[in-house]
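One structure is given here, and the rest of the page talks about it.
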Amino acid sequence: MTRPVARIGILTGGGDCPGLNAVIRAVAKAALSGGIEVMGVEDGYLGLIDDRIRPLAYADVSDILTRGGTILGSCNKANPADFALRVGDQWVRRDVTDQVVEHYGAAQLDALVVIGGDGTMSGAAHLMTRGLRIVGVPKTIDNDLWASDITFGHDTAVATATDALDKVHTTASSHHRVMVVELMGRYAGWLALNAGVASGADVILLPEIPFSLEKVVATCVDRSKRGRRFTIVAAGEGATPIGGARFVDRLDPNSPDPIRLGGVARFVADNVEKMSGLECRSMVLGHIQRGGTPTARDRVLATRFGFAAFELLTKGRFGEVVVEQKGAIRSVPIPEVAGKTRTVPRDHDMVGAARSVGTSFGD
Amino acid sequence: MTRPVARIGILTGGGDCPGLNAVIRAVAKAALSGGIEVMGVEDGYLGLIDDRIRPLAYADVSDILTRGGTILGSCNKANPADFALRVGDQWVRRDVTDQVVEHYGAAQLDALVVIGGDGTMSGAAHLMTRGLRIVGVPKTIDNDLWASDITFGHDTAVATATDALDKVHTTASSHHRVMVVELMGRYAGWLALNAGVASGADVILLPEIPFSLEKVVATCVDRSKRGRRFTIVAAGEGATPIGGARFVDRLDPNSPDPIRLGGVARFVADNVEKMSGLECRSMVLGHIQRGGTPTARDRVLATRFGFAAFELLTKGRFGEVVVEQKGAIRSVPIPEVAGKTRTVPRDHDMVGAARSVGTSFGD
Amino acid sequence: MTRPVARIGILTGGGDCPGLNAVIRAVAKAALSGGIEVMGVEDGYLGLIDDRIRPLAYADVSDILTRGGTILGSCNKANPADFALRVGDQWVRRDVTDQVVEHYGAAQLDALVVIGGDGTMSGAAHLMTRGLRIVGVPKTIDNDLWASDITFGHDTAVATATDALDKVHTTASSHHRVMVVELMGRYAGWLALNAGVASGADVILLPEIPFSLEKVVATCVDRSKRGRRFTIVAAGEGATPIGGARFVDRLDPNSPDPIRLGGVARFVADNVEKMSGLECRSMVLGHIQRGGTPTARDRVLATRFGFAAFELLTKGRFGEVVVEQKGAIRSVPIPEVAGKTRTVPRDHDMVGAARSVGTSFGD
Amino acid sequence: MTRPVARIGILTGGGDCPGLNAVIRAVAKAALSGGIEVMGVEDGYLGLIDDRIRPLAYADVSDILTRGGTILGSCNKANPADFALRVGDQWVRRDVTDQVVEHYGAAQLDALVVIGGDGTMSGAAHLMTRGLRIVGVPKTIDNDLWASDITFGHDTAVATATDALDKVHTTASSHHRVMVVELMGRYAGWLALNAGVASGADVILLPEIPFSLEKVVATCVDRSKRGRRFTIVAAGEGATPIGGARFVDRLDPNSPDPIRLGGVARFVADNVEKMSGLECRSMVLGHIQRGGTPTARDRVLATRFGFAAFELLTKGRFGEVVVEQKGAIRSVPIPEVAGKTRTVPRDHDMVGAARSVGTSFGD
């Protein structure tokens, strides 16, 4: 017979994502109301390694629903079997699984709610093999988690990116420019596609649809000839020219501090300017896509995910991760989602809708 | 063999809804790119009655994606068989079907895209019996259209309502008050439920879950005793006390100008104050829920709906209305959705999630 | 020789106002950095009456800059010589000056920073006669404080009101309506004037410029004839018809819970509809004007006011209230501002600017 | 006797700035109401060079109050005596004064309203010597115009920058990082100072206060030791290390397309990381600071400026530029402001206020 759940831990891992606090609040309030003790693990897996685990009371999780970030702190390193640690001035890689298991046991946790992306879920899958009872909640502004149609944080990131594109729109239209705006999304184009369609971008560049510089130039020049003298290009950071190499330097998850030099936006702007003679500018939207107050939709989704995680806990369904499929909240085994990416199908109706209003994908 | 579509009309009916212009833009741009002429019908069915139908060029539908309202104008009256018209100082009801059919024919429309709510769809179903070829696009901030999981405009309304509740939150917490905020939604609680969960409302009152004043008072008093001296109540306008009558006066769709006196928020605030001695305030959020720039999500959804309507047109699938089901864009026969309402199931997981974080539904 | 300041109290009084926390933070951080102890008085003068006074540490005032409301709580009652108290089920009026003086002394406060409106400043002036050393910081979203050109909170209220008017604009333009929106501001028109000009309202009604219903109707009808079939009316709550009585019931500061029935917006909408036959709607924007995250400008102004109050404290300039005059931060004696109101001069250039773009003041 | 004003031109020059359309609307509506013809000059001085001048009717300037950008288009080149023109693939510099004077005459303009920054005002001063009758309206998001305490567009830019800093705040606090955000402002620190104070930045770097890298590092390390493991640095683009060179490459107004490589944010982030071992990230906020819907305050200020410009026109006071001084709208001779910059005094009370809440200026 399995041990009933009397004390749980909550941990947030990976990059920042609006809605993390809403999930923490939902899990913790539900658990505390049900008489379960709640412990907060600080800074993702680091808190398990360093034994920084503290009790969370009702007051700790009140009034945090609307706040961006995570009250628990996070950590980009996600693989306890090969963990990048700072020792003095150096980054070294260690297998810290034993420490994690030891501190999990010492804290008398009956289960752990792990809120994180595919990397964090891979770490969770590994820890499950060592006996940790884990329930997962997916977290990614990129919306690229395998098995979940939507994840919290994505809507807020799309809203922030759309707001930026709307602002850029007015500047471009006043000055007759080509503006290339680089958005996040890693190897998936969901963020660029949604923000591009929402803002009526003239060109959208996605990792899933390799683009031709010539086609992008043709669109800009054609618009210019038809009297629309500005063009807005929304480029996902993972977008790649046909036959070209990815701008992988910036996306390598193994790099502890990737250098943000010369991404795809710069590449497109420089080349389009050279090839067309049109004035081009590029900008990288950057970290503001990960921050801020979550949208209403993300707060609701995060609350539902948190509640679903609590229900998995109470039913003893460990090893599962909450997902949203076809409008309903469900769950799937954690190993099933670990290390996988959900990308945009080229025949998605959003792509067709964008083309029908005149948007080019550069293909 | 059916006549191919060479000229279409577009019409928007019913109350205002963010995203209408995005649909108009998507349908018109897709049609114009495909060599189809596009006519805009002014002020809903009124434009067909009065023969106010004008051509729409590409420039007319450019730069309207982000704007609230409808460039075509709208009209709250939706039933051509029993249409409320202003004649001099009087409102009279007439069957105007013949005029509508005549002007539709005279304008040489091959099909009509009708963007509207369940009332407008009932009108469309009636006009189909007289030979009009119609494709429907659902429009309701209430999200209560039968057969569609989500409709554009709802997300924006939820965002506006959530923003208002967030603002009220700070005022209530400074002054130790019970604040009752009345939200739209008619006979469905989607708007109040989403905004209530998103803002962490302490009490949510829905049409689908009749409430007990005693229970609401108990929640407020209990919070007060536990040192949380404010309570936020998010009340759908159709919420009804157990055993009580609806506040139907304000919701009667047949009234050309319903009087907005004393709705449910006022009723709750007055009675809770009397019964508890706590200071209570009420406010009616009103028309701002229907206005403003659509959220990114609503712009995307409206664009997808517009594209889907265009595809129905080109496939000759008249008599159908675009819907979203389980994440996918589909269509169903217009008569199937006419006059029906999709309400919140009492066992919806959002209701459970809200209860688990401590929200009361007054039941 | 005056006693040096080693311990201060901070108190917030009156209606809610965005930026209160920013002032508290600025005063407290400056004082704590200077080695001065800081005590927070809860719920305005109530906390002095009930002896609810607690120490504030640096952590208590961190991370509150962007939050609406006041972490100290507030209280609408402002006159210790005639204070409305709840005793059982009754409101009774008492002179509580002795209690206030006693608890001020018992808490060993060397000075008190009072953040409040003209009512709260009147109370402060009274307490100064009993030996309390007070520095005032003006607080009013209405911007009606005598001697200060601008007060924090006003910009946020204008932004909220403008946003609402922008939203209403789209709805009105889609449905050919007259929309009358009632804004706060009490006996001063600053809020209605600023929000009206910012949103391009067609009619602005101010307490300072009595209006003629006939003129308002003429504007609406004239616009309708010229094809602009909607009209937006921004009405300050204190606006009054020529020769008519004020809608004083709602504005009476002596009423502990004024009934918000039938204000000026309703009056205008009902009468314009009757007189013109145009469809009219009214809405009361209400408490959301007092809430929410302060604008950048209000956060800056509140921080400057807080710093100025701290400087008055350190210079021993008690009995003064911080003001902004001609762009500079200054101070004036508290009794000078108590109970006075700064209204809009009829020849203010903003009124002229509004008229020049076609706005009517109904005069 | 001077020729009365029967026809005016309006022109917008320089970088984009929220509120341009509000000024155009105010000038044009006031003029048209007064029976004066209004011509719009396209793309700044370029439209005078190329003779692209078109009539503006009331409808052209309706519904543009809330829109960013300029309906007239703009141009960054501002000196007709030394104008950078694109001829084929080349940029060449020409004296185009004669063409400008000729087309001004041919269009039978009695006066020209020039809306622009100090560069555009220098151009205007030059054209005045050739007989053009000009009224100026200052435009700069940087708020660095000599003689005006505030200019429209600045408040919106501060709001955008503050919103970005707020978002970055949550990310930094979740991940224990130093985040360096580069803001616009050229050689003046108003934008960085206002946004830095508004967002509670821990370090603010201004062009007016040269900074020491060692001091910035000390602040970050000190915060880290006190348990606040993140630090937000708001850096004006013109900020300069003590004894170091400016990052002038990016700010050179003579460069037609300045390369945005490696600005001050990158410099600070790279060096602080190297010197402290703390994880640092930098971002350049970029063009979104110039775009978007103007804030309520900017719409009001732009409308007042437009009205004041119209009044100067009707009074025959040519050669003057509208300014705001100590809260009042005034005017000064155009040559007085041309080519000058208003910077932040080191003893400004805002600097003192920032220091008092613990902000470091790195000095």
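Letters A, B, C and D mark the chains as written, and numbering starts fresh at 1 in each.
Basically, a contact is a pair of C-beta atoms (placed from the backbone, for glycine too) under 8 Å apart; a residue touches a chain by one contact, two chains touch by 3 or more.
Small disclaimer: the values here were computed from a predicted structure and weren't measured.
Any chain that touches chain A and also touches chain D would be listed here, but there is none.
Most remote chain with respect to chain D, judged by CA-atom centres, is B. Between chain A and chain B, the centres computed from C-alpha atoms are 32 Å apart. For the pair chain B and chain C, the distance between C-alpha centroids works out to 35 Å. If each chain is reduced to the centroid of its CA atoms, chain B and chain D end up 41 Å from each other.
Under the contact definition stated at the top, the residues of chain C that touch 2 or more other chains are 166.
The touch graph of these protein chains is a ring, one cycle where each chain has exactly two neighbours.
Those chain pairs judged to touch are A-B, A-D, B-C, C-D. Chain C contributes residues 12, 15-16, 18, 20, 43, 67-70, 73-76, 86, 89, 160, 163-164, 166-171, 173-176, 179, 257, 273, 277, 279, 281, 283-284, 286-288, 290-292 to its touches with chain B in the complex.
Across the complex, chain A is touched by residues 25-26, 29-30, 33, 65-66, 149, 155, 158-159, 161-162, 166, 194-195, 197-200, 295-297, 299-300, 303-304, 306-308, 310, 326-329, 349-350, 352-354, 356-358 of chain B.
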